[in-house]
Structure formats: C-alpha cells, structure tokens
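So, here come the structures, one by one.
In what follows, chain A forms one complex with chain B and a second complex with chain C.
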Partner chain A sequence: MKEWVYDTVYLSEKDFETGRVLYETWVPNARYAWDAGIAIGRYLAELKAGRLVGVHCPSCGRVLVPPRMFCQDCFVPIDGFVPLQDTGTVVTFSLCSVRWDMVRLEHPLIPALIAIDGASPGMGILHLLGEVDPQAVRVGMRVRAVWKPPEEREGAITDIRYFKPLE
Partner chain B sequence: MSLLERIAHPDQTKAWFGEIPIQNRYTVGIAGERFFREIKDHGRFWGTRCSHCDLIYVPPRLYCERCFAHLEEWVEVPTTGRVHTFTVVPLDLDGNPLPEPRIVAFIQIDGTDGGLVHDLGEVAPEEVCIGMCVEAVFKEPAERRGSITDIRYFRPVG
Partner chain C sequence: MARNRVAIVGAGMTQFVRRAQETAKELAWEAASKALESCEMTLDDIDAVVIGSAPEAFDGVHMKSEYLSDGCGGWGKPVIRGYVGGGTGVFAPIQGWYHVASGLFDTVLVVCEEKMSSCQPHPQGAFLTIFDHTTERPLGPNLLWIFALEMNAYMTRYGLSKRDIALVSVKNRRNAADHPAALLGDPNITVEDVLNSEVLAWPVQRLDVSPVTDGAVAVVMAAEHVARRVTNKPVWVEGVGWCLDTAYWTNRDLSYPTYVEEAARMAYKMAGITEPRKQIHIAEPYDPFDYKELHHLEGLMLFDKGKAPEATALGITQRDGDLPVCPSGGLLGVGNPIAAAGLMKVAEIFWQLRGEAGARQVPGQPKRGVAQAWGDLMQVGTVIVLGVS
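Right, the complex of A and B next:
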C-alpha cells in the first residue's frame, strides 16, 4: 500500500475516528416483509392460539410438521391440517455455550430437534430445552412445550418459550 | 381444517416483518484519498494520466483501464466541464416528492477523458442542455470533509 495513505493493509477504528482515511458511511434501509404463505401462515396463527398443527399427505399418509403445501416425498399437494400435541421426544440436541454473535453464555442454550406427538415418526421442529440440567439431557427424552401466556403471544415460534422434561 | 378455505382478505395473510441492521463504510482508496484531499484542502481536481493510451482519468485511477499500466503521473485538471447527459429527478430515494426537482448530470471534465456525476444548480431544469458549460461550486473550506459533497453542485458558466 502507498506510504502516504496507509502504512498497513489493515485499518483500525482509530484511522476512521481521527480522519486518517477518508470514507463514506450510510445506513441502508433493510426493512423486509417475508410472506409466510398459507401453510406457515396457518402454523403461526395456531401458535398464537397455543396449538401446534401439521399437515396430512393423502399419498403416503404421513403427518408433516412444520406445515407445508406439498409432500416432498410424494410431490402431491397435502389435503389438510392436523392438530398435534404439544409434547414430543428429543431426536437430537446440542449444548451451545456461545451466542450467535460469539458472546460467551453463562448457562448454555440447549437447541434440540423435537419429534412432535401426533406427527409421523421423525417429524419435528427445532426449539430450545429449558428447566433441565444440561448434563441430564438425553436423546429420547420426553418433553412438553412451555407456552407464553396468551396475551404475550404474537404468532411466532417464540410463543413457545422452550420445551421442558415431562415428569 | 381444509385447504379449500381461501384467504378472503389480505389481513388474513401472515407476513413476517424484520429489519436487517447494516451499516456501510466505503473507504475511498489510494487514488480517492488524493483526489478528495485536494478537493478538501484546495478546491482542485486532480486526475491520473496514462501516457501509453494518452488518457486522463477523472476521478483518478491507479491503473489504466485500457492497458492495465500502473498510473503514477498526476495532473491538475480544471473544475469546469460540459454536461454530457442529465436527468431531472422529482422524487427522493423513498419515492416521496422533492420540494424542488434535482437535476443530476454526468459532467465531462474539460481536458480529460473522465467526468463526475453530480447535481446541477443555479439553473432551471428546462434550461439545461447537453453540451452546456458548467463549473464546480465548492463548499466553504471549513465545511469540507473530503467527500464528493464538498462540491455543492455544478452551475452554468457565465
């Protein structure tokens, strides 16, 4: 790099603060609206009402969750929504000691894939486990959803706080 | 619970709203540093010359875009030019009407093979024509910060 501008190929925050390098800065407007569609739209509406729903494939007979408009095995349109329980079984899990932005967590998060009761075997959703000792989590553990109170729900997967072990 | 239930009203559709926090920071680079510091400190334009291709680049480039030679010959160029092309902009970036339309032009800098995109000022939209001679109007030295906005606009000469 040219000596009269940068004596290094790296710039530090100080180089910007002290005006050592010229730059332009701006904040783009990155607001977005993602159309949830029919299947996920219904799923989110049912979450707000405190229920989990799946969809039924008329060809293979499976009950799929989260809902989708067609069965990806049979390539046929699904024929309706099916109410599910808010209980399930841990299929796999992980202990996560850092947050998404790499901040260390005092108590690990426990993301888990939970097969939902009422859906076909192996059909489940990704969520967090709570009220459980991380060392005690096992594949095959039976769990139940802990819902937010109705007035706090907004039609999001976070309307379920976490899943906790069934006594 | 059937899929034959149709959505009868847009309010029934569910959209997920969010905002991605982004901040952009664009460093002007080696040639840009020299170009914008000359504007900031002296109110002058500089370009780089490729002697092989006999081209003068404004804004300055470090490499000739035609022959890829490293350009080290810096030349001072005028702050005047001609309107190469222009457009009249009645809306802001969000699509809202502007109180006064902006006239955005590509101005070919005199004696060079380059030019700048900038606003035209002190002229009515219907008076602008291609080939019109214009000159740069700079901000007061104290207001300049080494940016293309250190030039307020270009205005007709004379």
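Right, the complex of A and C next:
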C-alpha cells in the first residue's frame, strides 16, 4: 500500500521555533452568557446556601445529581428536588500535573468523581480533592465538601472549594 | 429491510505528521486523489462525497466542511459532513455505506481530514468547551482528566497495573514502525520506556497517549455492480453500528464502554456474526490511549471484561497472534489526526483483507475484520465490519 500514501510535506518543531515558517495567527473574540437552566439554576441557588441537592424521577425512582429537569432514561419530568449530604465516596481520581496548554503545575490537581451520599448508586459529580496527600488518595475514600464562607459564595460549583477526607 | 451490497474499492492517505506544510484542504486533496488513483477512478465517477472532520475549533474555520469540500472533490456534488467527535472516522464510512446501501448513489468518496497543529498554544484548548459550562468548566478541567479518571476506574475495577496497560503502547508503536505513513513508529520501544515517561495526569503518562497529528485518509465506496467492475478484490461492508451513551458522564460506570457493546451488537447482527471471537480475524479498536484499546476490545466482546490485558500479555493481540489487534500501529504509533485516524483503521482492514499491507500483513489470509472508533464526551461508539468472503 506504500504507493497510496501521498508524499506529504511536513515541518519540524524547529522550523517553527526558529521562525522559518510564515503563518498568520488569530485570537478569537468570542464571549458567551449562558443560562444556568431550570434544574442547574436551583442547584446553584442551593450551593449558595451551602447545600447539595439532587432531583427525583417519579418513573425509575432514582435520585439524580447533577440535577436535571427530566430523567434522560425515562424521558419524563422530575417531580422534585431532594436534599443530599455534602459527603460522598471517591469513585475514581487523577493526579494531574499539567494544565490544558501543557504548562506543568507545581502541585498536582486532584480531579475526582465523587458519588454523593443521598443520591442513587453511581451518581457522581466532578470536583477536586484537597487537604490530602496526593499519594494517599484511594478509590473508595470517604470525603466531605469544604465550603467557602457564606459571604464569599456566588452560586457556583466553586462554592465548594474541594472535598477533603472525612477522617 | 432491502439494502444494496456495498464495497470499499480504494483507499489512500497522507503521511501522518506533527505539522504538515499543507493546508487542511490540500491534505484532503492528497488523500482523496490517492484513493481515487488506487482504484483507477476519477472524480467524474463519484456520485456523492462524505466529509469527516472533528471540531472546527482546531482549524479556527467555521463551516469547515465547506472549506474542505474542494479538497474532498465535493464541487458540484451532494456533500454531507458527519461529526461524532473521535468516532467520526468510522462514522464517515458508515454514512458512505448508507448513501450506497439505500440505492441513492452508486459511488461515494469518503474523506476524513484533521489538522490539529493550527490550534495554539495546544489543540487541547479546542476540547475545553466539551465540559458543562456551569457545573464543570469552573473547576478548570482539561481533556486529560476524563481519560485519567476512566483509566483509573478501569484499572481499579480489574486490579490492573500500569505495566499491564503499557504493553499496548509498546505493541502499537512497534507495529507502526512498518507503516509507511507513521509518525511515531519505534521498533525498539520497551515497557520501561512507557513506565518511565513523564506523568501527565496519573495514571496517564506521556507514552500512554497518542500524538497531536496532521493527516487525511480517503476511501472509495461503491455498489456491487460498480465494485465488481472496478476491482477483483472488493472488500464488503458486512455490518455497521453506532450508539451514543448519556452525556451525564459522571453518572456512568466508566470501567466498561456499554455504548461500544451496543454498537458492536448492531454491526454483528447485520453481519450475521454470532461468535465474534471465532468469526473476526483482525481488529482495529480505537487506541488514542493505551488502555482504550483494552477497553474497546472488551466492548467489542472479543475478550471477557477485564481480560484483554491478559490476552495482550500472552501475545494474542500481536500481529502474528490469534487475534491481531491494531496491526497498523494504531493511533499510538501511526498518529491521531482525530477523524482521519478512525478512517486510517478502516483503510488498514481494507489493505489487510486484500493482502496488501506489506510488512504489516498479518499471516493466515484474514477474511473478516472490525474497526471501531470512539469519541464525544467518552460516550459514542462507531463500528464497521468488513469482509472478503
């Protein structure tokens, strides 16, 4: 099949680093104002009040988090919000040493999926872990939300600074 | 359901490179012209064009398929672009298949192109907006997170070590050394090289990951009466399948790709495959990260859940093993220009089944192969089964 590979012309990283290549650059000026939506709007309001909530599906009976206005499995509207605990269990985690643009971080971030107590099994949210030795993090670890003080909360997922080990 | 039989009759590609000097449109033309040349057809013989390409944010060009269309031979023809993230490269020939199977067209040129190098400072930036804008983006996620979280979930569920998984990276990068278009082929790479590479987002290390790549691949698909005229070695599309899981990815069991199984079941049913482990001879599962090959082999039901690493360690998935997996060298070795990478896998099955894979040819005259891709927010599976019997 070698004859069906085109003899593509390519450049080395060095060509770019030494400025031997002419190219145009452009920085997009794109700004957005998103609506939080029916379900997440309530979620954010409750976060500002220092509470985590889920929603209840009247069809399958599950308590879902993050909240949504309809159960995607049953395709029916949810019938109410359910208070959850601010504790949970680490389902999986990473020790991330790089930013999106591959700049190295001095201290790794610890993103984790956390199954929230009071929601149905497997209902995890994405958040960060803190106040923990990265090497000590384990799947199954019990964690609790560390909230910002009320006056600093703004109705955002970051009103929870991170989750830390329960013990 | 009445369907016309469809074959792939030609394939061509560019080199897979870190930075091509060509524009995206020029890359598309290079692949398209090679594919047409390979089956001695011209653009006049083509009824319709399918374009596959991933996020427009890579190129900074909106309506990217319109931009690409001239390079894809789309001028004056019915053109469609499909996009299911990383699953696009296998979805595009599925679209080509139903264009012809429906009887609407006799011939379709399928072109998948990706030029990731344009996006500065790093194409990962183009992926930041896949996360939920309210509940996830404020946490500062990057694309590596979801792979790292999924890899850890998979390792934890089955008690796997990094070494078990690194074997895939070694196999594929060694295989790629025999691919004339490969970016990262390395006949001498070892497990220690992978395990000693920089930790990016544990458990993901540098050599667990496929590279940022520019490239394009094209195939020509034809109805049976045309295919038999064009070639004496048509490669038939025996089955296609695709499936999307929920976007509430933090609620799913990340240790198993159910959506790949659903897509495979759809394709196998169409192909009349009841025992995939006996009836499929080679596989090109999607391998942007080494653990993904294992994950997908299990989703394709070619190994039991959690057992693909053991099969890899036993050499079953080597090019001369019982089930050669990614004989091309995969995304880890040949490169990962998103949509083009998936179609590269389809082209590899095409060349393998025709006995034209050169130094990469698997022994034993394989009669049936499966290619699979994956993408969106870790939730789409696209599967195609090709055969020559």
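In the analysis below, the second predicted complex is superposed on the first by the 138 of 167 C-alpha atoms of A that agree within 3 Å, B and C clash if a C-alpha of one lies under 4 Å from a C-alpha of the other, contacts with A are read in each partner's own complex, and residues count from 1 in each chain.
We take it that contacts are C-beta pairs under 8 Å (C-beta built on N, C-alpha and C of every residue); 3 or more make two chains touch, one makes a residue touch a chain.
Predicted, not measured: the structure shown is a model, and the values here were computed from it.
**Q** Does the superposition put A:L109 against chain B (first), chain C (second), both, or neither?
**A** In the superposed model, A:L109 contacts chain C only, not chain B.
**Q** Given the touch rule stated above, what does A:C96 touch, chain B (first), chain C (second), both, or neither?
**A** second
**Q** Please indicate which partner A:F16 is in contact with in the superposed arrangement: first for chain B, second for chain C, both, or neither.
**A** Both: A:F16 reaches chain B and chain C.
**Q** Considering only touches as defined above, state whether A:W34 meets chain B (first), chain C (second), both or neither.
**A** both
**Q** If you stack the two complexes on chain A, which partner ends up touching A:T25: first (chain B), second (chain C), both, or neither?
**A** both
**Q** Who touches more of chain A, chain B or chain C?
**A** C
**Q** Name the contact category of A:V82: first (chain B only), second (chain C only), both, or neither.
**A** first
**Q** For A:L44 in the superposed arrangement: first (chain B), second (chain C), both or neither?
**A** Touch status of A:L44: both partners.
**Q** Mind working out whether A:F163 is in touch with chain B, chain C, both or neither, as first, second, both or neither?
**A** After superposing on A, A:F163 lies clear of both chain B and chain C.
**Q** Go through chain A and flag every residue that touches chain B in one model and chain C in the other.
**A** Dual-contact residues (chain A): 1-2, 4-6, 11, 16, 25-26, 28, 32, 34, 36, 40, 44.
**Q** Can you check the complex and tell me which residues of chain B touch chain A?
**A** Against chain A, the touching part of chain B is residues 1-3, 7, 12-28, 30, 32-34, 36-37, 94, 146-147.
**Q** Which residues of chain A touch chain C once you look at their complex with the stated criterion?
**A** Interface residues on chain A, with respect to chain C: 1-13, 15-16, 25-26, 28, 32, 34, 36-37, 40, 43-44, 64, 66, 68, 72-73, 91-102, 108-109, 111-113, 122-128, 139, 156-158.
**Q** For the complex, which residues does chain A have touching chain B?
**A** 1-2, 4-6, 11, 16, 19, 21-36, 38, 40-41, 44-45, 53, 69, 77-83, 155
**Q** Spell out the part of chain C that touches chain A in their complex, as residue ranges.
**A** On the chain C side, the touching residues are 11-15, 17-22, 27, 30-31, 33-35, 37-38, 60, 120-122, 124-125, 127-128, 132-136, 138-145, 148-150, 152-153, 156, 180-181, 199-204, 214-215, 246, 248, 250-254, 351, 356-358.
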